[in-house]
Amino acid sequence: MADSPTLAELTARVRAFADARDWERFHSPRNLAMAVSVEAGELLELYLWSSDGGPQPLHPDRVPKVADEAADVLMCLLNLCDRAGVDLAAALTDKLARAELKYPADRVRGQALKYDEYPEWEPGRRR
Amino acid sequence: MADSPTLAELTARVRAFADARDWERFHSPRNLAMAVSVEAGELLELYLWSSDGGPQPLHPDRVPKVADEAADVLMCLLNLCDRAGVDLAAALTDKLARAELKYPADRVRGQALKYDEYPEWEPGRRR
Amino acid sequence: MADSPTLAELTARVRAFADARDWERFHSPRNLAMAVSVEAGELLELYLWSSDGGPQPLHPDRVPKVADEAADVLMCLLNLCDRAGVDLAAALTDKLARAELKYPADRVRGQALKYDEYPEWEPGRRR
Amino acid sequence: MADSPTLAELTARVRAFADARDWERFHSPRNLAMAVSVEAGELLELYLWSSDGGPQPLHPDRVPKVADEAADVLMCLLNLCDRAGVDLAAALTDKLARAELKYPADRVRGQALKYDEYPEWEPGRRR
């Protein structure tokens, strides 16, 4: 893990790229949220018409594109958080802490429903 | 930047969360690509009907949700890269290197067209 | 309006296109929902980096593409409803009827908040 | 098919709904393209974590929601075409005519690759 860059380092790099091009003017949080969605769609397109485990695996031409499109999503997401004043690492920590409560491991193991679709779920119930 | 977590650390944390719930079976790269797109849509929804710089700023109830939805996108993206064998940091480095060539700073400054929409763009032209 | 095709006619046409290619096997509702999302992303991309009313209108090369991408979204959506047994026209009628209650014209006029973001909104309130 | 509404009729209905609320001001084509994408994400979410044909079918609570979310996509798409001056029925006709050339039935039968992923595909080749 020693060589893995931090979120702060990656953010600084994508910001430098945009700044060198005077792209701040286009980089409103709203525009960047659109860009995240567009790039997520391009990532998803690579998996279109294949099946989860079935007879038609990912077309070999598409494999290297997954990394490429994933990088696009990350670049836009880092730019968005940078411009919207979001501390993405802190947000992920918060998210995981809340998800631990919403999806207790002993209850949801091996199932992938939304938290309010479990038979025993009661609105407003505290754990 | 000293305290910012690395991508590898964040990946280890989201993987541990999924593993504790036996969610690997749902976490095919394809399913995770769907999840990235769904979460990107929820992020985008927060900016819907507002305007870029105009009279209707982001509704105050939505501000904290931006961090929350951005974290969801990142969580799904890290899981996807983990399961698809993608080195996301390397992919971002590659992406930026190619984007430097596709969008030379002195040419595209202050404009936000796609690389093939610039008047002087010629298909196949090398720089 | 006499010449406008019905949803049923359009559905029959997109189904015939798929059937002639033996594409039913790929056209699970789930795959088609992915396709709707991918095509919606391509439509959105055309509006990326422009501004709502501002100095950078839609690039002229993109104008005809809007019709093209909108048709892609419709084609996938009709296929999805066809395969999932959804009566799309009835669903739209239901949706509008419920939206009339959720967004009463005299209350929401000229505002574009979600129904639960209006100051006077009360959970569970009936009208 | 006699009772199926035409696209023009459906467009008139969604336009009347927006007009009664003075929502034209929010209904720029760009905003509506965002809305199509957001609604497509909500539709896709219903299929998340299930599998194409496998052990975890669509959760029964989600079935009626498919119709509901599909109607949302259609409503936004019709509004977008209305505001952007797109004749959606004509666009679909054009799209199908071009798709007939790009994906000849005798060549692509039973396969679901992109047109440029077929082994015999040659850039610029005419048929």
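Order of writing sets the chain letters: A, B, C and D. Residues in each chain are counted from 1.
One rule holds in what follows: contacts are C-beta pairs under 8 Å (C-beta built on N, C-alpha and C of every residue); 3 or more make two chains touch, one makes a residue touch a chain.
Since we're looking at a predicted model, the values are computed, not measured.
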Repeat of interface B-D, chosen from A-D, A-C or A-B - more than half of residue-number contact pairs shared: A-C
Residue-number overlap at the chain B/chain C interface, same or different (half cut): same
Between A-C and C-D, the pair joined by more C-beta contacts: C-D
CA centroid of chain C to CA centroid of chain D, Å: 6
Chain A and chain C, separation of their C-alpha mean positions in angstrom: 24
Sites on chain B at which at least two other chains make contact: 26, 31, 34, 37, 40-41, 44, 47, 49, 52, 112
Chain B residues within the chain C interface of the complex: 34, 37, 41, 49, 51-52, 54, 56, 59, 61, 112-113, 117
In the complex with chain A, residue positions of chain B that touch it: 1, 4-10, 12-14, 17, 20-23, 25-26, 28-31, 33-34, 36-37, 39-41, 43-44, 46-47, 50, 52-53, 58, 66-68, 70-75, 77, 80-81, 84, 86-92, 94-96, 99-100, 103, 105, 108-110, 112
Contact footprint of chain D on chain B as seen in their complex: 26, 31, 34-35, 37-38, 40-42, 44-45, 47-49
